Amino acid sequence: MNTILFSALLGVVMMFSSFLVKKVTAYRYIAVAGLLFLLIMNIAETSGYHLLHINTRDMLRFDKFGLFFNTIAIASTLIYVLLSGKDIEYVGKNTADLYVLIFFVLCGIGIISSFNTLLMLFLGVEIISIPLYILTGSDKRNLKSNEAALKYFLMGSFSTGIMLMGIALLYGATGSFVIDIKPVGMFGPLPVSVMEIIGLSFILVSMAFKVSAAPFHFWTPDVYDGAPSVFTSFMATIVKAAIFIGFIKLFEAKAPDLGEGWQVVIALIIVSTLFVGNITAIFQQSVKRMLAYSSIAQAGFMMFALYTQNEMSKEGIILYAFAYSLATIGIFAILIKMKDLTFEGYNGLAKTQPVLAAVNTVFLFSLVGIPLTAGFWAKYFMLASVVKAQSGLWLVIIAVIFAAISAYYYFRVIQAMYFKEGNPETAEIRPSFRFGLIILAALIILIGIMPNLLLNWLYF
Amino acid sequence: MPIHYYIILAATLFCIGVVGVLTRRNAIIVFMCVELMLNAVNLLLVAFSKMHYGSALATNAATTAGIDGQIFVFFIMVVAAAEVSVGLAIIVMMYRNVHSVDINFLNRLKN
Amino acid sequence: MSITEIVFWFLSGLALISAIMVLLSKNPVHSVLWLITVFFAISGHYILLNAQFLAIVNLIVYAGAIMVLFLFVIMLMNQNAETEPRSKSIWIKLAGAISGGSLLIVVVAAIRESTNLVMRGQGDAIVPKEALVRTGDIGLIENLGKVLFTDYVVPFEISSVLFLSAMVGAVIIGKKDQN
Amino acid sequence: MNNLILLVPLLPFIGFLINGLFRKSLSRSMSGIIGSGVILAAFAISVVLFLHVKNNGGIVANYFDFINVEAFRIPFAFQIDQLSSLFLLIITGIGFLIHVYSTAYMHEEKPEHFARYFAYLNLFVFSMLLLVMGANFVIMFIGWEGVGLCSYLLIGYWFKNNNYNYAAKKAFVMNRIGDLGFLLAIFWILAKVGTATYVDVFAAIDQFSATELTGITMLLFVGAMGKSAQLPLYTWLPDAMAGPTPVSALIHAATMVTAGIYMIARSNIMYTIAPYTSEIVAIVGLATAIFAATIALKQNDIKKVLAYSTVSQLGYMFLGLGVGAYTGAVFHVMTHAFFKALLFLGAGSVIHAMHHEQDIRNMGGLKKHMPITHITFLLGCLAIAGVPPFSGFFSKDEILVGAYNSNPLFYYIGVAGALMTAFYMFRLYALTFLGKFRGTHEQQHHLHESPSAITIPLIVLAILSVVGGFLGIPAIFSENAHMLENFLDPIFAASNEYTTAHHLEHSTEWIMMGAVTLLIFIVIAFAWKKYSRRERFEKNTGIGKVLENKWYVDELYDSIIVKPLHAIGGFFKDVFEKSVVDGAVNGVGRMIQYSSRQVRLIQNGQVGSYILVMVLSLIVIILILREQTVIVSALRSLF
Amino acid sequence: MIPVLLILIPLLSGLISFFIKDPKAAKGWALLSSLVTLAISVAGIFIYNQAVNLHYDASWLPTLGARFTIGLDGMGQILCLLNAVAMPLIFAATYRNHYQNPGAFYALMLLTQAGMMGVFLSYDLLLFYFFWELALIPAYFLCSQWGGEKRIAVTFKFFVYTFVGSLLMLIGILYLYYKTPEQSFALQAIYNVSLTSGQESFIFWLFFIAFAIKMPIFPFHTWQPDTYEQSPTATTMVLSGVMVKMGIFAVLRWLIPVFPNAVDQFSQIIIILSVIGMLYASLIAIRQDDMKRLIAYSSIAHIGLMCAAIFAQNKVGLQGVMIQMFNHGINVIGLWIVADAIENKFGTRKFSQLGGLAQKAPVLAILFVVMALANVALPLTNAFVGEFLMFNGLFQYDIWTTAVAGISIILAAVYTLNMVQKIFYGEVSTLTAQADEAKTNTQYTLIILAIVIIVLGIYPQPMIRLTEDSVNAIIATIK
């Protein structure tokens, strides 16, 4: 509860600071302070210390899984603000308000990681989405940004409609919005309640849309491409991971009602997601858009957690969320500094900015899933969960083949940075920024060698 | 009233909304169609809430079963209102820049 | 054919026809007006289902606030039949209509065989469940209010965050940054 | 004793090292002295060993485990017995003479190349010694490949000339073909009895089934074919004449090429028990003898003639081995070593005098210019032609008798071959030494007898090839005067038990001998008359042309083996590798690229179509979930 | 402690080397650290002979059942020695080569060495996988940073190809892991895992493809010639000298003992493939005009023999393979050194442009001939012993296969002598007209190699003995 509460309050604080404090750079420090505070609060709650006892009437149910994810989300946001906070100030005039929205998104994340009724899920998703529409469109003069915002908004609200339809049908079947309740008054030949199935497939579609799983991914490349890079980084990492957590929480409870068909559907979605994400990414010319597709591809891997819902996959999704978020935040932080977002823009970066090139390589390795990076363990856990389930090995094989293909477009960046000639123009790089990146890379490698540091949290 | 009537009615309205979203290109109209979908859902929810109330009434005279359905509708309206404000703001912003509300007018982002 | 059914059929027909008109009418303003009639019809249904509170809110919020907002925007952009963008090909329309229709068919077909919507009537005859009309006081404002502020207080409070973000958003988007 | 034995191969090796490492600093005379000196020392030790063996039997000297695994153990051991000690004498003895000869023959070379030459020569002697001294097949194989290497190096000694290099490579590769057979045979033996040591293998001879023995012996014989230039693997030997003449004398006449005979003589017992193989050996040998002889009839290069005659003589030796006349074969090895080395060295002396002119059509009348060479050469010709009482007569006769015992047909063909030998040898002699000089004037001007370093070895060898025959006087002259047979008896004793030695009556043997001798004299006279006055040479036609072109065998091989292999290699390299192996991989890559280009078009930037796809897939999902029972069972049946 | 040092020293010195700017210093540092590694591995062998336990075990991922377990057995000894011998030689031989950003170059070389050490040492499957990848990454950078003009595409092919393989292997690893009773990656646990024949053959292929790509076996070799051709020669030496052995080693350590039945079942196919590969590669080598490509193909042929000998599954063959891994490494490095010397001097590797070098550089010629003879496995060179044993093993498997495979001996003679002749014999070409003797460092390294070749050729027994225990361990698991 602390997360939800304080993120909301901090949002309000930021809001007031927007007309109390006039110094633009100040907002960043306030935000950082707030995030730290939030982090502490959440960790406090994770270790069983509740600040104030609110009876949520079972609307929310806080478990270690969700709380731990909150920690990761907040921590990633903190890192994100530290690395890219300066660039947020370059977007539009009202910086403080942007931070407000970020805090509200965190509030939504807090909800979605602990919801217990479909109502809260719905609210959570909306509280996350609406700020994102705005962040996408926050670069008002930029037509790309406009277009992205419009597309995102229309499709987003459409998917909201789909989700609501699903919820309604589910309500009709169960007579309640609590997620783990079973359908009522069932008799007859069918093993499962058809209405529940339909309802769930509607919800599945809308959730798949939010996590940009094919064939509901179409908004992703355009929106990520159009939105200001700073916010793309935020959307593509923390938010997406959060929605995954909600996704998993929901279908942990509901998947059993769907019978075996469930795995068939998810398998299809996984394969198509991996296919679209990886294959389309190969031909991109802009690194930013490539990263959009890569985020689709990574989502495909995260979907394994839904395919096999066991302990392994739950730890895995956390690890994945963390590894993926860190790496992508880092890559975007560097991307923002680049003048030219195409692959050619990176040519010869290793000569002019060796540190940036090196850490960027680490991030990319993490995304490919090379051992000694956190990304390896992310993929490892996902594959392991399937192998452990001893079903659908063919799916795993397809997945690894696509993972190998993904090396193609990730390595294009590395090749550009190291093996191609050229002198890329970058914005001025502050030492603090460089330092932050190095810390981030070190973190990734550390987790790559000792994933237990992270996992043990789940076992205490 | 048999619940099927309501379901079919709501589903039809919903699908009309979907068709609208698919066929119209005026951003505002598309958005209105989304609103139509939401309303269909609202109607369905209310119908279900009354259904559950009815079936619970058989056993318990003072039941409040099904009331949460109507509460949910209330929240949907809340969200819808919020969405509309943001949505229209975005549409207006776009109109300001390109003087069109055609959703296909801006097509820089593709492939 | 009881009065209730007559009212039901009338409202349903009205809702469907005006919904279709929303799509068909070239002039956005007309679409808005048609949509308002849809909302009125739905509010009628709410009253029929004895959910007065929602009926009123529906009229105030939707037909009242939201639709007026829409109208404002349309007027502001002085949209009319001429400015309305024409979709290039009939095929897109057709595809849309067909897919929408098939969605309807799939859903309805599925719902009809659903076992949650039927119950054992007299002599174990399977009869569809009823949506209670014209009775039941759960839709009354006091009951709703009670539940809303006890069980649903958390979501209620949280929805304020939603509004805040919407507000901030509107500000960010709407405000002209002078430069 | 072991150390003494070890010295025999070690000395040449040391010579090789010294000459090899300090080639830059050594003067001609120094390296010459070192090179020949070590061989001389080795020869001395060999004599000691020979006597030791003669008095108290063979010795086996173990040194260390070369390879020792569970399946088998291969010690690095030498076996000095009658056979090997005899070969030791031949190798070191003739080797020494040829080293001495070379000091004069190669004196035009630059010092470092001179040293290189002697290094190679010593290395050769070393490997050859390993070959004959080894106590098991593996050590023999080591020497076997070693001599192959040295012949490669020495043929290609003048490495600037690419034809020489090709000849060298050809020799090495063709030997390799044989070596493969040899190697397989070794594997087979090891797999069967788990040892390669002669003594143990021959002791365990009855563990082999008939087929196995046939197989092994055949494979060994393939090895022998390669090394001893038998059909069909003989073509390298004539080309090997590219090397310096002393090399031809040492390697391609006296020693290396007889390795095959040594091997078979060594494992005679196996061949005796495998009659089928012996039959093949005899036939191949005989065929080679005739075939090579026919070619030799029409060759004009002095060394080529000798080369083909070598091939044909080797054929005789195999004939002997095939028909079980092992002693005869070894005897012929020895005598042949004498006179063929003599002939080659003589030829070398001629070539030396003629300034590297090798075409006998441009020679003639050298008799008066270089008397010693002439006399010795003549003796050599008589010896090889088998004129009594020269050495060749006895050895060849013994083989022919053996052939007659096993199959008269062999005998008659063999005799025919002997006659041809006489003919082409005297054609060669006559054209070279008799008549008038046909070369250029300045050649004639420079004609002179060779220095003593060349003539002395000639004389020594001449004496040997005259008297060498008396080591093996057949029974008809006097009972067991055949020293060699008695000496070698322990080696072939086992085999002789198997072969029912039915000696034909002396009368028939006398008749045969007389008849053959008579015929040989006629042939010699004919050749003498035909060629001694020859002035001008018209082009060969018909069969003559075919013979001159060596039956076109090289061309045949080239077109049925070399060219196809090259074609296949080229096909693999340029077509298969690129289009199939590589193409598959790159094809996948290209396919991905292509599909990427197509797939991204779906992303057409239009919200309507996006949502359309969403709706459609929603429908699909609903259907899947509704019909899941059907679908899942279908999938089950699929996987 | 020795195994740890073997990994740690190259790793740390590699990381340090990144920060060395001065070329001389970088070279010196690399040479020094590699020599230290060499000393340690030699020491390891001596200690080993006194039967000291050379294992190190530490907790790594308790929750996953993966431990940091490394150790040295006979086979490991040989390969670590090869790895440790190769590096100083390579550094010495290429001492005069100039690389831009040398610190990074040598750092990556050392990291590669560390990775390979890890592969040869690890007793834990997951650890093995880690090092397997760790060895690949620096190699990738080396090739595509300092390579030839087509380097980027070629090396990327190499990377992806091997990466696919290792990912498939990862699936196999996981599968085995969940089949182990106590969910552990430890060597023994993996050895004891029991699978149904269906599972076994499936997982077998997942592993084998990874190894086959690394070795490489016939249809999977396409990355190899291009990579060898394009990489800087120092890296090529590492790749063909040591890294290729990783595949063979892995087969011996992780494939044969774990899937005995599957190995039995598929040995025939694999042996046939290998033999095809031998002849195929040899025939291509005959037609090569490029020195590096020729060596690459000849290396494919040799590897094919090793693979065939492994799957013949008998003791002699396996011992042959183990010592041949070392010998082949030495020989091929020798050939590369000459190739490098020639390319540096004349800027070409095409035979058609070379020739007559024996007049100009006799010493180089002699040394190269020694290498060439080792390449054709002439007796009294080290390769002979290995090939003798391997063919022996193959013979015990089947005589006809051996006969066909034996053809490659002949072909080897053909293409090797071709190479010798076209480079060193014949008349000098315009290019080689004013050539002179090779640089001293090249000469000395080659002399060292030649000595090793001859010594091991004459007295191979100690090394053969070194293989005993590993072979027995493997044989014990077969059937």
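Labels A, B, C, D and E are assigned to the chains in the order they are written; within every chain, residues are numbered from 1.
Here is the rule we use: a residue touches a chain if its C-beta (ideal position, glycine included) is under 8 Å from a C-beta of that chain, and two chains touch if they have at least 3 such contacts.
Only a predicted model underlies this, so the values are computations on that prediction, with no experimental measurement involved.
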Report task. Give me the ID of the chain with the smallest distance between its Cα centroid and the all-protein Cα centroid. Result -> E
Query raised in the report: Which chain lies the greatest distance away from chain A when centres are computed from Cα atoms alone?
Result: D
Requested in this report: Go through C-D and A-E and name the pair with more C-beta contacts between its chains.
Outcome: A-E
Requested in this report: Report the chain whose mean Cα position is at the greatest distance from that of chain C.
Outcome: D
Requested in this report: Quick one: report the Å distance separating chain A from chain D, using the average Cα coordinate of each chain.
Outcome: 78
Query - Centre-of-Cα separation between chain E and chain D, whole angstrom - result: 36
**Report entry** Geometric centre distance via CA averages, chain D-chain B, whole Å
**Finding:** 98
Report task. Could you give the separation in Å between the centres of chain A and chain C, each centre being the mean of its C-alpha atoms? Result -> 32
Requested in this report: Check each residue of chain C and list the ones that touch at least two other chains.
Outcome: 87, 92, 95-96, 99-100, 103, 107, 110-111, 117, 119, 151-152, 155, 159, 162, 165-166, 169, 173
Query raised in the report: Multi-chain contacts in chain B: which residues touch at least two other chains?
Result: 3, 7, 14, 17-18, 21-23, 25, 30, 48-49, 51, 55, 65-66, 68, 71, 75, 79, 82-83, 86, 90-91, 93, 103-104, 107-110
Query raised in the report: Which residues does chain A have that touch at least 2 chains other than itself?
Result: 119, 123, 126, 130, 133-134, 137, 140, 151, 154, 158, 169, 172, 185, 194, 197-198, 221-222, 408
Query - Chain-level touch network, classified as line, ring, star, complete or other - result: other
Query raised in the report: Considering every pair of chains, which are in touch?
Result: A-B, A-C, A-D, A-E, B-C, B-D, C-D, D-E
Query raised in the report: If you look only at chain C, which of its residues touch chain D in the complex?
Result: 87, 92, 95-96, 99-100, 102-103, 106-107, 110
Query raised in the report: Where on chain A does chain D make contact in their complex?
Result: 151, 154-155, 158-159, 162, 191, 194, 197-198, 200-202, 204-205, 209, 215-216, 218-219, 221-222, 258-262, 264-265, 268, 275-276, 279-284, 394, 405, 408
Query raised in the report: Which residues of chain D touch chain B in their complex?
Result: 600-601, 603-608, 611-612, 615
**Report entry** Complex contact set, residues of chain C against chain B
**Finding:** 4-5, 8, 12, 15-16, 19-20, 22-23, 28, 31-32, 35, 38-39, 42, 45-46, 49-51, 53-54, 57-58, 61-62, 65-66, 69-70, 73-74, 76-77, 79, 84-87, 92-93, 95-97, 99-101, 103-104, 107-108, 111-112, 117, 119, 128-133, 136, 138-139, 143-144, 147-148, 151-152, 155, 159, 162-163, 165-167, 169-170, 173-174
Query raised in the report: What residues of chain A sit close enough to touch chain C in their complex?
Result: 4, 8, 11-12, 15, 54, 56-57, 59-60, 92-94, 97-98, 100-101, 104, 107-108, 111, 119-120, 123, 126-127, 130-131, 133-134, 137-138, 140, 169, 172-173, 183-188, 190, 193-198
